[in-house]
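Quick notes on the structure that follows.
For reference, chains read A, B, C and D in written order, and residue numbers begin at 1 within each chain.
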Amino acid sequence: MTEPLEQRVVTEFPYKHSTGEVIGRFLAGLKDQKRIWGQRVAGQGVVVPPVGYSETDGSAGGEWVEVKPTGVVTAVARVYRPIAQLHPCAEPFAFVLVKLDGADTALAHVVRDDLERLRVGTRVEAVWAPDADRTGSIRDIACFRVIT
Amino acid sequence: MSASEPPKEPVKYVEKQVHLPYCYVAGDYKARYLAALKDKTILGSKCSRTGKVFVPPIVASPESFAPCDELVPVADRGIVTTFCIVNIPVIGRAIELPYVAASVALDGADISIYALVQECAPEAVRMGMRVEAVWKPDGERQGSHEDIVHFRPTGEPDAPLASFMHRL
Amino acid sequence: MDVSRQAAVLGVGQTQHASRRADVSIAGLVREAVDRALLDAGLEHRDIDAVVVGKAPDMLEGVMQPEQFLAGALGAHLKPLIRVHTAGSVGASTALAAVTHVRSGLFERVLAVAFEKQSEGNAMWALSPNLPFMQPIVAGAGGYFAPYVRAYIARTKCPPHIGPMTAVNARENGGRNEYAHLREPMTLDDVMNSPVLWDPIRYGETCPSSDGACALVIGSEDVARRTPHKPAWIRSGASYAEAMWAPGRDQVSPRAGKMCAKAVYDGAGIKNPWKEIDTAEIYVPFAWFEAMWLENLGFCDVGEGWKAIDRGEQKMGAHLPINPSGGVLCTNPIGASGMLRLGEAALQVMGRAGAHQVDGAKTALGHAYGGGSQYFAMWVVSDER
Amino acid sequence: MASLRNVAVVGFAQAPIVARDAHRIATEMLYGQVRAALDQCGVERDAIDFQAAGSADYLDGRPFGFVAALDVMGSWPAKPDLHLEMDASFAAYYAWLRIQAGDSDTALVCGYGKTSEGEPDRVLNLQLDPYYQAAIGLDPTSTAALQASAWMARSGATDRQLAALAARRRAAGARNADAQLREPTTADELAKTPWAVEPLRQGYLPPVGESAVCLILAAEGKAEKMCDRPAWIRGVDQRIELQTLGGRDLSRSAGAKLATERALAMAGLARAADVDVVELCATTPAEELILCEAMGLDAAGSRPAINPSGGPLVGNPVMMAGLIRLGEAFRQLAGRADGHGVAGARRAIAHGAQGHCLQQNVVWVLGDERRWT
């Protein structure tokens, strides 16, 4: 049998994803106001983060509604061995879905501390990235922290 | 005073750097083809039904749908069936412009390969021109496509158009 | 075949096309086309039974299977959806897959949508990753196709002005199309004097790189009879693909193209396409391909395609206007380009092509190809069932 | 409902699932399966009217990778064709539609892809929207863990129950010659394995695996000539859901539920439990339990037999795991399941899925008798 011939290649492409008005203004809210905005859409209620349309029926989005930076965890995934150049930090952390107070959908984000206390139902609060580090990204919320 | 809306001026875009490691498999056909280049040999795979030869070797003939399990050597010379003269650079390819990218039907093969034709002015390249492989010197060949540096004219008479139009 | 199940185009929508649509997200771009198609058909998202999405390689935007995150934007939540990818022909094969949905008898109204937002990434990098074990010779799409253009010229004794003439005509047509990306006129000299990129292909004979989307609403016969506008009846459609390495495969006039054309002509009952088809939108990314496809599609005999162009028979008002929209040479959002060809053909027979309407167009061909001239997808549409 | 044609699965060939085939590229893996499937049916390539394939460029980072597959699918002279950038089970769905449209009587459906060449955790991150979900670094193991957590919170399911289910699938996999994991193990052993991403343990998840598959469909009139025991498709339906994980109830699969209801109605069956065998495209034990609930199946019951092949938990070649479920259902009804055959199986459900957290589902109902006259 022939000796297998193999070769490693790392593909690295940069992308710039245009955000459009709704995603762009939501991110500007994080960056410039440290406030979290949702959008009221048909069939889904107040959607956070908003995309500009209802994901259940495709109709166009409606009014802006501010939601609280606090909320309740609806799902938890604890990552003990983070993957370099993919995951947001090198130490163990958890991915969570958080239904913010005032929102009808949940936001996917991370919790870095108090992982042992984290459960479905735990209350958490947004931790903002420092002013200089906020670039207009979902990671302008640095993480969520446990508050109960 | 608390705004009732997010800022009017949106963030324009989200940047992303894709980082994807891959570890590619050449497959045994390609591995044997590349290894043979080290010995200045070009291998093709022979259709078990029709005897037609495919270079580089492939697993089966798309024409007969029979396996091509025998590897056979073909000549390191053949006919430029068609070509273009490349005048613009391609990222990651350091070939001096302009250069000739040609389809070359090697003697003994039933499909053409892509090849660089050099050692003559690009304007001098013709459909039907006979060319031969120029190999890297002994000891420098690695078993890679680069073992063939390029093809060059042999000076033999051109093949008539009708003799290769079916194998561009 | 159950010919009683005929499908029709109920609505056509497309975006403004430009090299960079940074004003919208991917979803925003797609919705611009979808909203227009739904409006055109007099329908809303909830009326749609199934969605078919097409686009070319995902590396162009850097999102894998983007139809998954776009499902909400497309109003597809809890509906059937498929994603098609057949290289450059994808927009056309996406439309044809929507037709299959309707002709299966299981769906009344199907949304077909195709897009490309190349400006999010870098097409050159995305389409030419540094893959090991491959011969690093081919220089992009132009470098791939230029040798076959040369072979066409050699075979048919096509004179050097045919490519430039085609490019000039495309721009003249594109100038009348409000959605086209490139609308500025060019002269024969402009093209002849433009840099030769991949000899024999000149810069002026190449297509642009565009952001854009196209959407079609395909409906059953029942629905088509009740639609607000006159529909375009799809008399036949077909998509064929052929292997790359078949010995004797002819990339100048591929067998797959001939078979696909025969299938759509037979399906539409067309015996002589030159006489029976009023206009055609064909996929011409490099100007020379217009002459090549005229022959491959059976409009002209071998060696006669360029002569028809030389006589000007492809121009607006002449015998067979080709690409009245300006075609791919004016607008090329890769994944959407094929659907634009089919959609523009439909607009012609609906009589709603605006300033680039071909007078009295009753029967039109839409065509696209892709891969190494391996994938072909076409339809024939008419103003009558 | 429109009048439908009786269409059957008449051939299926699969390369055994392996962690990595270092000797063959995707097309080389596929060729033998296309040949084998045709040979099973006793036909040559010209007997097949239509071909469809499912694969994804990003798996091996190669744009237009599917074009090369034309060469090993017998596409000469040219064939009516469609490639879907999807799991190949959806290509089978489309091929079935083609036959319903009357354009074709027979179809070849292929799935392929070198999953081992890339790193699925990184690659599948790119399936998520680029603004919110991909941007925080979510990978498919983590999204599956989020779903498992939502399921466990609602249902009260325990780690122990996930371990027990995984152990049952391992036991089944030991009887399936094409499975990747063929060593039986106990729930105790699996429950000791480290967390992959909590609440999912490494022992509950399939390793990276690759394969190549070819399935043949044929309409009544031809199917009987190509197969002595065709598996007739009595119903099929597919549904996608919105992607945003926090925008849907992750503890439920609304899409699988709806697709099952529609497929059962088409098949004229009242309940999923009325079949003998079910093959679910679940890549975690939690997904399997969610699917069972959505379909109205008793995950702990003995009839219908669920995933007698071991399912994707013992071999998960991305972009073809769903088509393998359809192939397995065929093997059961055609009496070709050998070591993992379910005695007396006359009806089956096959399920395919793709996307994060069961975003898109296709459900097939098959039987050993024709549905329509």
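Criterion: a residue touches a chain if its C-beta (ideal position, glycine included) is under 8 Å from a C-beta of that chain, and two chains touch if they have at least 3 such contacts.
Source: prediction; values computed, not measured.
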If you tally contacting C-beta pairs, which comes out ahead, A-C or A-B? Let me know. A-B
Tell me which chain's centre, taken as the mean of its C-alpha atoms, is farthest from chain D. B
Whole-angstrom distance, CA centroid of chain A to CA centroid of chain B, is 45
Averaged over CA atoms, how far is the centre of chain A from the centre of chain C? Could you give it in whole Å? 38
Roughly how far is chain C from chain D, going centre to centre by Cα mean, in whole Å? 33
Averaging over Cα atoms per chain, report the distance between chain B and chain C in Å. 29
Please output the residue numbers of chain D that touch at least 2 other chains, ranges allowed. 22-23, 58, 61, 70-71, 75-76, 122-123, 126, 129-131, 133-135, 242-244, 247
In chain C, what residues contact two or more other chains? 22, 25, 59, 62, 71-72, 76-77, 125-126, 129-133, 243-246
Hunt down the residues of chain A that sit against at least two other chains at once, touch-wise. 1-2, 4-7, 9, 11, 13-21, 23, 27, 51, 55-56, 86, 137
If every chain is a node and every touching pair an edge, decide which shape results: line, ring, star, complete or other. complete
In the complex formed with chain C, which residues of chain B make contact? 12-13, 16, 18, 24, 26, 30, 34, 52, 54, 58, 61-63, 81-88, 90-93, 98, 101-103, 110-111, 113-116, 122, 127, 145, 161, 165-168
Chain B-touching residues of chain C, taken from the complex the two chains share: 22, 62, 124-125, 128, 130-140, 143, 146-151, 154-155, 195-201, 243-248, 250-252
Mind listing the chain A positions that touch chain D in their complex? 1-2, 4, 6, 9, 11, 15, 17, 19, 23, 27, 44, 47, 49, 51, 55-56, 74-80, 83, 86-88, 95-99, 105-110, 119-121, 137-139
What residues on chain A touch chain C, complex-wise? 5, 7, 9, 11, 13-21, 23, 51-59
Quick one: in the complex, what on chain D touches chain C? 1-4, 51, 56-58, 61-64, 66-68, 70-71, 73, 75-86, 90, 93-94, 97-98, 100-103, 123-124, 126-131, 133-134, 237-244, 247, 254-255, 258, 354-356, 359-360
